[in-house]
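Labels run A, B, C and D following the written order; every chain starts at residue 1.
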Amino acid sequence: MPAYTHLQRAEPVLVAHYLLAYVEMFLRDSGRLADCRKRLNLCPLGSGAVAGATIALDRRAMATELGFSAPTANSIDATSDRDFVLELVNALAMIGLHLSRWAEEMILFSSEEFGFVHLPEAYSTGSSAMPQKKNPDLLELTRGKVARVIAAANSLMIVTKGLPLAYNKDLQETQEPLFDAVATISGLLLLASAWMKTAEFNYGVMREAAETGFMNAWAAATYLVHRGVPSALAHEQIGMAVQLCLEKGCGLDGLSLEELRALNSVFDKDFYACLQLDSVLAIHDVAGGTAPNRVRQAILQARQRIETIREGCHATA
Amino acid sequence: MPAYTHLQRAEPVLVAHYLLAYVEMFLRDSGRLADCRKRLNLCPLGSGAVAGATIALDRRAMATELGFSAPTANSIDATSDRDFVLELVNALAMIGLHLSRWAEEMILFSSEEFGFVHLPEAYSTGSSAMPQKKNPDLLELTRGKVARVIAAANSLMIVTKGLPLAYNKDLQETQEPLFDAVATISGLLLLASAWMKTAEFNYGVMREAAETGFMNAWAAATYLVHRGVPSALAHEQIGMAVQLCLEKGCGLDGLSLEELRALNSVFDKDFYACLQLDSVLAIHDVAGGTAPNRVRQAILQARQRIETIREGCHATA
Amino acid sequence: MPAYTHLQRAEPVLVAHYLLAYVEMFLRDSGRLADCRKRLNLCPLGSGAVAGATIALDRRAMATELGFSAPTANSIDATSDRDFVLELVNALAMIGLHLSRWAEEMILFSSEEFGFVHLPEAYSTGSSAMPQKKNPDLLELTRGKVARVIAAANSLMIVTKGLPLAYNKDLQETQEPLFDAVATISGLLLLASAWMKTAEFNYGVMREAAETGFMNAWAAATYLVHRGVPSALAHEQIGMAVQLCLEKGCGLDGLSLEELRALNSVFDKDFYACLQLDSVLAIHDVAGGTAPNRVRQAILQARQRIETIREGCHATA
Amino acid sequence: MPAYTHLQRAEPVLVAHYLLAYVEMFLRDSGRLADCRKRLNLCPLGSGAVAGATIALDRRAMATELGFSAPTANSIDATSDRDFVLELVNALAMIGLHLSRWAEEMILFSSEEFGFVHLPEAYSTGSSAMPQKKNPDLLELTRGKVARVIAAANSLMIVTKGLPLAYNKDLQETQEPLFDAVATISGLLLLASAWMKTAEFNYGVMREAAETGFMNAWAAATYLVHRGVPSALAHEQIGMAVQLCLEKGCGLDGLSLEELRALNSVFDKDFYACLQLDSVLAIHDVAGGTAPNRVRQAILQARQRIETIREGCHATA
């Protein structure tokens, strides 16, 4: 499929490579939630109204009994702090940003113009007025609902900013944004995952898009560089070749060897092979690149990282 | 000094206990920055435009050489992700919230009405019109400037929300909020620290405030509870005693034993001792409470935690 | 009462003058709502799905019949625009900001330290733990709930930003913030108004506060200016007089004529009259100033403006 | 061109009709700025520090002389109010939202997949790595920079929320967001206008897109309705016709009269005429609809409204 920059086709990539970008995002999200848990898993019980309880309490024992890792360290902080709400909602908002980017892309990919993805019936609606239409409701709602999570984070900062210590009733207004953000993101994650299992990628259209639009131009320039042409000159000469193609209405592989040699005499028959999709993918042969062997490795590593996280979750559950 | 809830005097606490609340906040901030560093310290070099570099690169060696802990794992994610900006600015905004609460309190405490803190000349200005005035400029600017850091976090979420992968020029707009947030919080932290070293607390006024306003009422109720009076009844009877004091224009220690015994016969001479400030502080004898021995412990532990962090910083510097 | 700048006592003002500041804020709010109504009172009916209805409709007649001032002018805009939601919620957020400033001041004024306002029982709660306490819950909730209205405005901007025309399901997420903002502000306005009718100002304490803290220093400097002393010099000499008072532990009226003449020979017996609260108020004799005759005028004018608005509301109701 | 809902092709519209949607948005923006000017064009001079000037001033004469419509009405409000900043920046943010929607659409329209718009060279850049690329930088920066204006509005609300009267130094932080928002939106408006003058629409591609995708399905259903078929049934039968077309790989005009009559016997030869683009446009013959005569009228009316605004601006300039 084409990878885009500036929403313009940039370079072809494997679909798996594209999807691994989202794996990275969600792995970071998972790390943030784990770090947040570490900080919020402290027990405030025994802090009294503000100065500490007046009954002899073994706060450490109580905390352990209740499943916390330790008691909070200062009674004023414990009764007025809402860091644990803020940090959690910030982490949820970042998950939301990733879901929103995914939704935006799936909306684009399922438009008539892109045609990369068939909208699953179960998560789409028709139009009451237009018999031909199918609308990506779930995706649009995902994109829309992320706004409320960002706004929840904003709301929490506004509520707590500038409050004197310790408890003020304003803090009651930290509860709704918290619960709403948790419910929204939990729901969206389930739905996004279900959507992806149902949606069908149109690999034919994606491959065709990946083979057009001169996305082998960089590979072509690399061909010249490997034959000793300075990078800037190679870039310029392939630019001229693209120009020629646009006039002739063909791709780079539609130029004859004569036409190519008029631009630079180092062009040879093997040039045509380097323009093929498989070759273009293969030259990105670097850790984190889209060369198929690298993507295979990346999938294995991602699986291991997910497994490690899963085990960690079971341990604290 | 009085500890406040709802900006009403609640219970007396040691000034050190009050300040330790801020130590907790900043220790959490420090932990968030360390966790953020862990996630952002990855090297994107070698990701090319979007599909990975086309030159044979040892990305792991490069990352190590440049001081990163590892290379990024996916070229599309590496060129389009701004989580590292967002997580950092979110963490800075939370530092800002703590600074803003501190500033709000110091503004209150330095008003004529509170009179707890003398404004340091070096960080205050006079009034062009009113010869008698001294204004807490630094504190107000601290409170004001935190708004721009919260807005920076908001701006970053808005910029990145819903962008398709990979790089889009919109992302250029992530730089100003990032640099502005770093500069603002770094500056405020230095200034807040310098301000605190210069400001003088008016301990006499603070103590006087801590001894008035019936903040020994809870201690008085606790006295009854320890003598077998059910909690709710003790609370009610002390409420009636407070009412009587308001009519007489005195404190709880201004009531005679007869007056007290009319409310409950268990009152005895030792009641007056339990109303003294030192006694009131001492009964909050629980981990994280304001009893002087607990506060002394808390200071020691905070010093150790700060030392550990400092060592960690040197190790990664 | 004292008027504050930087939360430091600045100059004495009439309580009515202080309250008129809020009248101005709410009058502007009222104007914004009226302007918003003008723009949103257009009827989208007949716009079809996006290109206009396909049935012959007299949209002007329909709009009039339904109480709108006109039909919308473009079918694409009519089905995708949410300006009317945004402008309304922005206007509500600004009402919220004014309510929040009011709540902040009433919280301060009802603290033990200020003592200007008695908290009305009906809108306050006691403490479960502390028998002596009364908490300004309504005020704190007002201040807290304004955050959700600001966040609603933010959320609406985030939802609509960058959506292609025309309708997208994301727009469903404009409804909750709208209805929540309307309900929140409507409720707060009723409650704030009821609170003010019940709360009692402690005029004695306010007057005493207005007479201390050297708030007649500007009036004193004005005395010198009226006798030909250049403004900067007058300011400086009164500054020295204040310093002398602080050493002596008295107010400006506690200085003898000799002490004053040592600073400037133009001081005379009439100086003491100019230091009195009534004189200090009276010299602010300018439109919008706190001189009693000006405040009386301002009240009359405010009443007329409110009456005009009320009539306008009845006309469109 | 196709009009989209849910980013799915919905109905064909005239390009002029599409552009008039933006005219409506910017006309509302213009109205908001005019209303804002009305409220902010008051002169605070003479309000002194907080209680009003102590010099005899004719504030009305001063205000008139300085080009304001009147003096402010209350000295406390005049020195602490920032409504004029907030209302202006809110209005600018809404202009920004409209610019951002426009930018989003032009980015989509200039992608290879849509192909509706040729990116003007003067406002685009090439890629350093990919010789074939042209990037819509101006559009992306427009979309990105609107985030900072939304954040400016947010920042201003946060700064002013909960400040006690009157002036507090926090208000210094209202200046940068104000000036930044004015500069950003002024710049973007000039650039967006210049971009539109230079960009070329690819009418051939737009027309072709408007003629495919079964966007005449509603017109087809309307054909049945006009012949007495109940609306729901007409909708269902055309849905079946579309299904048949998808199997045959043709448009609705590719079905034979026999095939159509198998669905409903009222179909006749004149059905094919109603499927043509011109007919489909013409049936939206309602005020604000895309029928060519209605669009011609709408253009005339928009010109008149713009002219009226222009005259109003000259009068107040």
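Convention: a contact is a pair of C-beta atoms (placed from the backbone, for glycine too) under 8 Å apart; a residue touches a chain by one contact, two chains touch by 3 or more.
Since this is a predicted model, take the numbers as computed values, not measurements.
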item: Common touching chains of chain D and chain A; value: B, C
item: Pair with more cross-chain C-beta pairs in contact, given C-D and B-D; value: C-D
item: Pair in A-B, B-C or A-C that repeats A-D, with over half of contact pairs matching by residue number; value: B-C
item: Approximate Å spacing (C-alpha centroids) for the pair chain B, chain D; value: 44
item: Chain C-chain D separation of Cα centroids, rounded to whole Å; value: 33
item: Overlap residues in chain D, where contacts from two or more other chains coincide; value: 5-7, 10-11, 48-49, 108, 127, 129-130, 135-137, 140, 143, 147, 150, 154, 157-158, 161-162, 168-169, 218
item: Contact set on chain A toward chain C in their complex; value: 48-49, 127, 129-130, 135-137, 140-141, 143-145, 147-148, 150-152, 154-156, 158-159, 168-173, 176-177
item: Chain B - residues contacting chain A, complex; value: 3-7, 10-13, 17-18, 20-25, 28, 31-32, 35, 38-39, 46-57, 59-60, 71-81, 83, 86-87, 90, 93-94, 96-97, 100-101, 103-105, 108, 143, 146-147, 150, 153-154, 157-158, 160-169, 218-219, 222, 281, 283-291, 294, 298, 301-302
item: Residues on chain B engaged by chain C in the complex (per definition of touch); value: 5-11, 107-108, 111-114, 127-137, 140, 154, 157-158, 161-162, 209, 212-215, 217-218, 220-221, 235-236, 238-239, 242
